[in-house]
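Listed after this line are the structures, all set down as structure tokens.
There are two complexes below, and they share subunit A, which is joined by subunit B in the first and by subunit C in the second.
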Partner chain A sequence: MRKQLPPEMLARDSRFVRTSIMDQILDPRNRKISERTIGPAKLAPGRPASADRARNLMHGIFTGEIQALEGAGRTAFDFDETEAPFALKLDMARQCWDEARHVEISIKLGEWMGTEIGEFTEATFLYEAACAPDPVLRLCGVNRALEGLAIDVFNTMKEFGDVSGDPVLEFCEDWMLADEVTHVKMGSDWLRRLTADDPERRERALDFQRTVDKLFSLGGFRGETEENPIHLARKMREMAGFSTTEIDEIAELSELARAEGQAAVEAAGSA
Partner chain B sequence: MSDPFKPRPAFAPWDRRELPGLFDVEESARRVGAYKWIETRLFEALGGWIATVPELDVKMILGRHCYHHAWHAELFDKRLPELREMNTDRLCAPANDAMEEFVEALREPDAPELTIEKLVGVFRVLIPRKIAAYTFHLNGTSRVTDAPTERSLEFILQDEWNDWREGEMLLQSLIDTPEELERAIRRQHELEAIVVRAGGITGLGTIGATTEVEGAGV
Partner chain C sequence: MTVVSIVPELFTLIEFDAERIKEIASEVAKSLAFPSDVDVHIEVDEVLPAPLNSSQADYLGGRAELWFTGGAFEDTHKGRHIDEVLARCGLGEALLRVKDRISGGFEDAPNDSEISERQRALWDAYADGRLTRLEGFVVREPRRRYVYRLECGFNDVADAAYDQLWASDATTWADLLEIEARLMEADPTERDAKPSARRISLRQTQ
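Right after this comes the complex of A and B.
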């Protein structure tokens, strides 16, 4: 089996349809949608499109969990023990089990919400963060940035389950949220251990994390206002070991990404 | 009321554990090191394969089993220093060249069309071999002196049986045509041929037989 499996080689059955994140963001139809006055972007049960948006998001969580499962598995396989210590590989194997459960939960939740596998497209950007050649970069890009985003997503969905009267959604998201806090802590712990004597490597990894954080905030997807579908879960992030400064930095990156995304949509629309 | 000071036998009548066992400390450590090596190579392979199999159910099961074998490797890793092996990497090694060749062959399939080959290697060749080796150890070691190894093996064997059953059922559900059956048989034959040369996962004498096998590379 080859080491370093590129994203285009991820194996899927015929139900899955792959798309690019940039195609999604730069879709010229987005401009028309953004011009419609339909109220705040935050998921709220009173909005007519909220059920469809929640189903879309749930499908995105499902494909994201598959890629998180694949990424953790590859990190267990791609490196020898001089690059990734035995204990790190054990943690990655544990994460495989957790992510496999999340895929199971996502499939069952999707069915509960009325969604079929393949109803929405799949972008592979999560797995792409798990293709970095340095395991520390993977831990920062996946465990700290993306699993951190998962904390925000699951917390938002849990709150949506609560306000929309869906105890199944609330229950499942709460359990997945617990695992994600563990995965973020795992990433932070290994970042410290593997870069204790190498501040330059640590800074490279944190830079990579910032890039991924910004990418995943594109178009104002995540933030702290009513205009952001996904809300930054400050309390849960603190539990996972993020400092207030780090959370503030993510909030700033998110705002910057929102402005850049808006400009890109406008540019695409006028082209 | 019975007299609490009346002497009782040190061992209950139903406790049939005996001294000594088949293995001294050194031999038990050597075997445990080989177990850790094979469990580690297996969980790495299962982790790597997750991204390469298109079948969603197989993908999720590989993720779960990946952790099971990592946990086994961790239990064996923790046992090694208790068996006077302070450098746990020293004994974490293949039993012989043939065993290394076997693992290389086992982990070789990559393409998404080769799920049957991947699963046959794990569930029809390696896991049955592990069950045999662990059962021999369990039955042969002193359950008094080597009780910590015995306890780990009991937990691990339970996992191995469950995982083998699930993997075998996956294979039965995937093998539908004569061509697929032929692929499965061919793959099993290829890998068995190597593991027979290796003598099992701990080399010659894995399950007690001591006949030397030509080509094991010991």
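Right after this comes the complex of A and C.
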């Protein structure tokens, strides 16, 4: 079986349609939307089109879970035991089990919210972060950055379920959230162990994590104000082992990504 | 034959064809037996993409005034392009509600900019239920049920009211207000009385 599988070779049936993040960035409507006052972007009942926005986000979580499963599976397979110790592979296998369960939960939640598999497009940039050639980079990019983002997303959806009185959404998100906390801790633990004698490698991995954190905060997607659809879940992140300094850094990266996204929209509009 | 007009006549940000939307609207009006002496004016706000989906349907000055976000008709697989099945359904819901306003028991209903999200969810369930019983409309019932539950509550009373509306061919605005009162009793959670995703709020510029 091939090692280092590129995103375009991921197996999907005809229901799935791929999209490119560039199509979204270069959409000529972006600049016009930013001129509108359409209210806070935070997901809440009574906010503009909250049902369809929640359905769209839930489908994004579903495809993200598939890619997280594929990423952890690849990390268990792509490296020999000198690069990735057997105990790390066991942890990745255990994570695959969690992600497979999350995929099933997400499908059921999608049905509950009136969404069909493949109703929305799939972007593969989550899996792309799991294609790094060094397992430590994958642990930072996927387990610490993306599973950290999953904490923020699940916490936001759990709160949405709570305030909208949807017991199914709140319950399911809470269970998945608990798993994500363990995935982040797993990533932090293996980062320390694999780089104990190699500070340069650790710094490279943390740099990669910063890049991924910033990418996934693009255009203000994640942050700490009412303008951000996804809120930084400080308390849950602390439980996952992030320090206050690390969380502050993610908040700063998110703000920077928001400003850069805005600049990119304006540049695209004036081009 | 129903006279249909549209704004804009030329879309510049998205790949919608105004003439094609007018054709679909005419076909839909015919299949709903929409009064042929009532003109239909459609406005599509091309700035607002999916999933910012919203619409309004009013009967003003003897004319049907329909407003949609571009997202309401947008293909979820191919951004900026129209999904004609979705457009047909959206136009069907809107024209059915205008027909209700003209002579279907909703003559005294306030304009869409003044009704609450909950009232709108109830009315939409009633409209979609009727559309499913007509030929040529693909209504995504599970989506409608979720939007409804979000506004009307996740409880048995709300579900029973939904089934009642879905199966009905003769509900009035007064019936709708009676159902709303029943829902309030079952789930007294305070909700915004004002609509959130309507024409005025979404078209404001900074």
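As a working rule, the second predicted complex is superposed on the first by the 270 of 271 C-alpha atoms of A that agree within 3 Å, B and C clash if a C-alpha of one lies under 4 Å from a C-alpha of the other, contacts with A are read in each partner's own complex, and residues count from 1 in each chain.
In this section, a contact is a pair of C-beta atoms (placed from the backbone, for glycine too) under 8 Å apart; a residue touches a chain by one contact, two chains touch by 3 or more.
What you are looking at is a predicted structure, and each value in this text was computed from that prediction instead of being measured.
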(request) Would you mind checking whether subunit B and subunit C clash or fit side by side on subunit A after the superposition? (result) fit
(request) Using the superposition on chain A described above, determine whether A:T121 touches subunit B (first), subunit C (second), both, or neither. (result) second
(request) Have a look at where A:T245 lands relative to subunit B and subunit C in the superposition and call it first, second, both or neither. (result) neither
(request) Kindly classify A:R47 by the partners it touches after superposition: subunit B alone (first), subunit C alone (second), both, or neither? (result) second
(message) Which partner chains sit in contact with A:F86 here, subunit B, subunit C, both or neither? Use first/second/both/neither.
(response) first
(request) Considering only the touch criterion stated at the top, classify A:A76 as touching first (subunit B), second (subunit C), both, or neither. (result) first
(message) Between subunit B and subunit C, whom does A:E111 touch in the aligned arrangement: first, second, both, or neither?
(response) second
(message) To be precise, I mean the smallest distance between any C-alpha of subunit B and any C-alpha of subunit C in the superposed model; what is it in Å?
(response) 19
(request) Please write out, lowest number first, the residues of subunit A touched by both subunit B and subunit C across the two complexes. (result) none
(message) Going by the contact rule set out above, which residues of subunit A touch subunit B in the complex?
(response) 1-2, 5, 9-13, 66, 69-70, 72-78, 81, 86, 89-90, 92-94, 96-97, 99-101, 103-104, 107, 117, 127
(request) Spell out the part of subunit C that touches subunit A in their complex, as residue ranges. (result) 13-14, 46-54, 69-71, 76-77, 79-80, 117, 140-147, 149-151, 153-154, 187, 189, 191-192, 196-197, 201-206
(request) Quick one: which bits of subunit A touch subunit C in the complex? Just the residue numbers, please. (result) 17, 19, 23-24, 27-29, 32-33, 35-39, 45-56, 111-115, 119-121, 164-168
(request) Using the touch definition up top, name the residues of subunit B that touch subunit A in the complex. (result) 40, 43-56, 59-64, 66-71, 73-74, 77, 89, 107-110, 112
